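This is the structure I have questions about; it appears just below.
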Amino acid sequence: MRPSGRDLSEMRPVSIEVGVTKHAEGSCMIKMGDTHVLCTATIEDRVPPFIKGSGLGWVTAEYGMLPRSTTSRMRREAAAGKQGGRTVEIQRLIGRSLRAGVDRVALGERQITVDCDVIQADGGTRCASITGGWVALRLAVNKLMKTGAVISDPLVSPVGAVSCGIYAGQPVLDLDYPEDSEAGVDGNFVMLGDGRLIEVQMSAEGATFTRPQMDELMALAEKGVAELAEMQKAVTVA
Amino acid sequence: MRPSGRDLSEMRPVSIEVGVTKHAEGSCMIKMGDTHVLCTATIEDRVPPFIKGSGLGWVTAEYGMLPRSTTSRMRREAAAGKQGGRTVEIQRLIGRSLRAGVDRVALGERQITVDCDVIQADGGTRCASITGGWVALRLAVNKLMKTGAVISDPLVSPVGAVSCGIYAGQPVLDLDYPEDSEAGVDGNFVMLGDGRLIEVQMSAEGATFTRPQMDELMALAEKGVAELAEMQKAVTVA
Amino acid sequence: MRPSGRDLSEMRPVSIEVGVTKHAEGSCMIKMGDTHVLCTATIEDRVPPFIKGSGLGWVTAEYGMLPRSTTSRMRREAAAGKQGGRTVEIQRLIGRSLRAGVDRVALGERQITVDCDVIQADGGTRCASITGGWVALRLAVNKLMKTGAVISDPLVSPVGAVSCGIYAGQPVLDLDYPEDSEAGVDGNFVMLGDGRLIEVQMSAEGATFTRPQMDELMALAEKGVAELAEMQKAVTVA
Amino acid sequence: MRPSGRDLSEMRPVSIEVGVTKHAEGSCMIKMGDTHVLCTATIEDRVPPFIKGSGLGWVTAEYGMLPRSTTSRMRREAAAGKQGGRTVEIQRLIGRSLRAGVDRVALGERQITVDCDVIQADGGTRCASITGGWVALRLAVNKLMKTGAVISDPLVSPVGAVSCGIYAGQPVLDLDYPEDSEAGVDGNFVMLGDGRLIEVQMSAEGATFTRPQMDELMALAEKGVAELAEMQKAVTVA
Amino acid sequence: MRPSGRDLSEMRPVSIEVGVTKHAEGSCMIKMGDTHVLCTATIEDRVPPFIKGSGLGWVTAEYGMLPRSTTSRMRREAAAGKQGGRTVEIQRLIGRSLRAGVDRVALGERQITVDCDVIQADGGTRCASITGGWVALRLAVNKLMKTGAVISDPLVSPVGAVSCGIYAGQPVLDLDYPEDSEAGVDGNFVMLGDGRLIEVQMSAEGATFTRPQMDELMALAEKGVAELAEMQKAVTVA
Amino acid sequence: MRPSGRDLSEMRPVSIEVGVTKHAEGSCMIKMGDTHVLCTATIEDRVPPFIKGSGLGWVTAEYGMLPRSTTSRMRREAAAGKQGGRTVEIQRLIGRSLRAGVDRVALGERQITVDCDVIQADGGTRCASITGGWVALRLAVNKLMKTGAVISDPLVSPVGAVSCGIYAGQPVLDLDYPEDSEAGVDGNFVMLGDGRLIEVQMSAEGATFTRPQMDELMALAEKGVAELAEMQKAVTVA
């Protein structure tokens, strides 16, 4: 019934390759089906002005899509002279989500910037960015711990995200682009590996949904994030 | 226990004054406690390029805060040369939310722009904007129906929104600014008057939440939006 | 003969309501007929770089129009990405005008920003902004004097402004929009309450004017500003 | 008494060299003392959207200062990414002033853009721009008339401008930079050659002025503009 | 003697993997040592306004670097709000270079946009972009020819580019970053596969060079581009 | 055979008038035929952040064209809100070229900004800017040496530039606009007065060139720059 032939609660094949760039303190290429996102983590000693001197760390994120990551070419945001509203929304979400899994005291007064650049898009890029972004972050923090710059682990649990939606009247897990463009209701669920919630964004375009439907979607999401958490752990064992 | 002395499930006093500007096709000043938002609806015959010739209508929204609507003065976005990420996020939410309650075929090929300008802020400005924005929209559509430009009512049910969050460990309805700035978990719930969901945005900053907590918040939100829907209907009886 | 039926030397009904927002150090809503401007004054301890350490104070102003303050909707300047030429011109005029009535030594090294936001426009918004802006400034300075932060009153006399022009061949006071859009010659006169001049801006679009005409307009302006000064004093008695 | 040794009612030496660039339809270099402005007029067949099809012409102006036209180097506006408020104000003034002397029906549906670029600044650049700009405009219109594109002369009388101010307590004509930077009160007067007024902009920074003072300044301005009109006519005899 | 141990006339290991993204009409990942650039070609039916209706085709290019493609993180240009001068220079060079190898009549009135995005940088990104960009272009054109949209091959010969410079007093081929940052003299040579020159950009920062040196560098470049041309042909055999 | 009737190796008449503005530390108007560029040099005590405290000096350049320096009016870059790609490319080239002839230790920790503004364009504006820019720089440095601020001369040899190209199949020196717009191959050569090379930029648009052709062009360039160097020396004798 799904265009891809997947079961309703079946995620696309996921792979996470770590250490894909030589410069970044942490990096991975996450592939959720045909959605490919390159995630890098950069450690800097400076922090934003509003926490200078507080002893607290900061994690922030930026998001971008290569112009031809999509079916038809998108205008390059650097050429357009500004980041679009969708980009801004997504990178704020990624930053908030990752910070929710960080003990900022333990991190100490430094900033880690997670860049998520979509190489190829087929739906669910923001969720792949959060999941892969956490891996890059984890690898960068591992480096800080190896050198002793950070003593107590500031990352308690993986942060993962998955999209769910109602496609052809059925709740489905991990929408690809053909599903996403049809679904009147869909959402993104960000959780810790143990199921605690960080962010829920359900949205209906030209439709509505009910609480029972929402409960079903959330159950799917829990399943998906749990699976992702296993992979995140596997590829980041120090 | 709440700074304002309100019960956990008690909204702030709400008032909606309609017809507050002489130029707009629909307008109201909504006050949720000390949060005051001026909402206007403008009807235009043109539509965005992507639906030109489709026969479908469009509803969009813009949001702004007066520089001294807040405790300390914010920089004017027009002077800064761009709308901030928060502004963009909010106005996209308002537009999506209002569109969810619109039959775009019935509206016909025209655009209604809802402007929500915060005169005074004390928490919950995006929810007040959605609730008041719908009232302005309703009044503008009433005009279209009175002149016969629109025959079948494109607005089936009021769209309302309210924030909920966990304050001092307790789920509370309609956070004001002192609560909002303390709450680690809060969210915005947009619904039709009958409780059908349009948008759910739960977010945790430096915290997490559980599904039972989410359920409690959603119950509070249903109560709040139902109350708002009554007021919306009362002030927009044609 | 005037569209509104007013006498040639008759201003529109004017009202000034003070204390209209809870956050600003000084605020008022000034209404000159159907032109409504919200004016707020914000006190900050910092001053612009070019007077840092001089002991002198600074007063500056910003001006904006809500998108639907006008007959047809204007594009929001924050969305357009810059303030238009007219906006820049007007806010520079407001700032210069208010500073002309300020003893900057007595004010001390602090900055007061006066924001003038047009809620509804029907001609004469810049004059209403100056007149209302002075009220907001006066109220903010009153606060500084009450706390002892400022000892000697830096505001010696109200600053008021009114427009005059030649409509249908006759010099008239306080043009409303229907007059303004017809008048080939019009101008703005900013004065102290005692008639001393601060700024005169006479302008002809597709027309010219003579010195006797200019004298007549100036006499009208003196009458108008004197009336405004009475109201400004009445509403700002400490 | 004046830094330059001039009489109170004496202008600086003025020269206007025409035909200084080979590409423009009209051009001149105007020198008012050490203030040198290059003015060019460009004829184009297109007009702004708001008069398309009306049969009316349009005259507009742009103004710029070379970065080192001033005592210390100014930042290049193209590099800064926008025209400053002062620039915008000035070019709007130049455009309005020139249009006041144009019969837009006689001009026909075409646009003339007058560019005024300050090569060297020593006070009074906006007045020199208007006076020189009219010369460039006149020369361009002469060309249109020679080819028969325009039949009836759309320029009835020269448009000229001069600054006046109160320097060391005395009304003086044509302020240079040392005077301008000291004068608390100064203004710009734009007139037709026969003394009819187009624009009056009197402004006091940290001071006020009286009507008798204003009368004195206006008399000086009339003298100055009459002298400029003679020169404008002399250099543009077809 | 070279940091990498390479001979003076030895290029880094080069690989070109084609078909790396599923959406683009042509794509490749080119690796010149540790410099990795993703190149995609997009075919569109529209052309720039200046050739509309001419029957001629257009090839243009855009260039970007991922923020952490470099040793320390660069600011994202989309966030900075504009493309830097270096970016603009490079993408203009890529576009000019590719067009030099295109028969624009044979291409027909359509546009091909080549996007070159640097995934990892280690010197020579602009040369890799040209070389890889041609491969993407070739693949896209192959598609047009396969469908019959283009009959006569518009690409006569591969366009390739390589950098050369004077490092530690010796002319060397294909500088990597450690060499590039030391070399006072370096340049980029763009050629057709048969050695005909398209673009030569030699530049000295704080140094000069002689004609004999230039001749030596050019001979190295010819060798390098010939090797690249073999690889370009091998991977794009239709 | 050349439109101007010049010999293949004949430059246009060149004149360099020095001291043309009263504010700049060094200035000249360079005319290469109908190409006229005003060059000014500004000395400032501050240097860019990346060399602060290094003791080294900096030379940078900015380039602009007046809107009607060209056959048809160009949009003013300040009004467009940014410098175009061509402008950025050219001003970077001017800055690099001038720096190549500067001993930055001898200059000491100060910055000299060379502004090159094209008053009238007829081809070769970037070369005229470099040649004239060096004259302005030389004059400014002379001032520093006269006051003793700089002891050892940081400018060893003039920096000059000239364009060459293949016009109607023949290599020609110093292309004017009619030649430039026809030439498929042209380039700019920047050299010290003694022929040592600083920058070579050969470019083919829709064409290619050979090494023998390049050699011919370079010989022409050497001749041209040598002639320019004589003139540069003559007008800047301290």
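Read from first to last, the chains carry the letters A, B, C, D, E and F; within each, the first residue is number 1.
Here, a contact is a pair of C-beta atoms (placed from the backbone, for glycine too) under 8 Å apart; a residue touches a chain by one contact, two chains touch by 3 or more.
Computed from a prediction, not measured in an experiment: that's the story for all the values here.
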Field: Partner chains that subunit C and subunit E have in common
entry: none
- line: Contacting subunit A as well as subunit E are chains none
Field: When subunit A is superposed on subunit F by its C-alpha atoms, the rotation angle in degrees, nearest 5
entry: 120
- request: Compute the distance, rounded to whole Å, between the mean C-alpha positions of subunit B and subunit F.
  value: 59
- request: Mind checking the centre-to-centre distance between subunit A and subunit B? Centres are C-alpha means, answer in whole Å.
  value: 28
Query: For subunit D and subunit F, what's the span in angstrom between their mean Cα positions?
result: 33
- request: Let me have the rounded angstrom distance from the C-alpha centre of subunit C over to the C-alpha centre of subunit F, please.
  value: 51
Statement: subunit C residues touching 2+ other chains are 81-82
Task: Under the touch definition up top, go round the ring from subunit A by way of subunit E and list the chains.
output: A, E, F, D, C, B
Query: Can you name the residues of subunit F that touch subunit D in the complex?
result: 21-24, 27, 34, 38, 40, 42, 44, 62, 64, 66-73, 76-83, 87, 113, 115, 117, 119-121
- prompt: Contact residues on subunit B for subunit A in the complex?
  reply: 82, 85, 88-89, 92, 96, 99-100, 104, 187, 192, 196-211, 214, 218
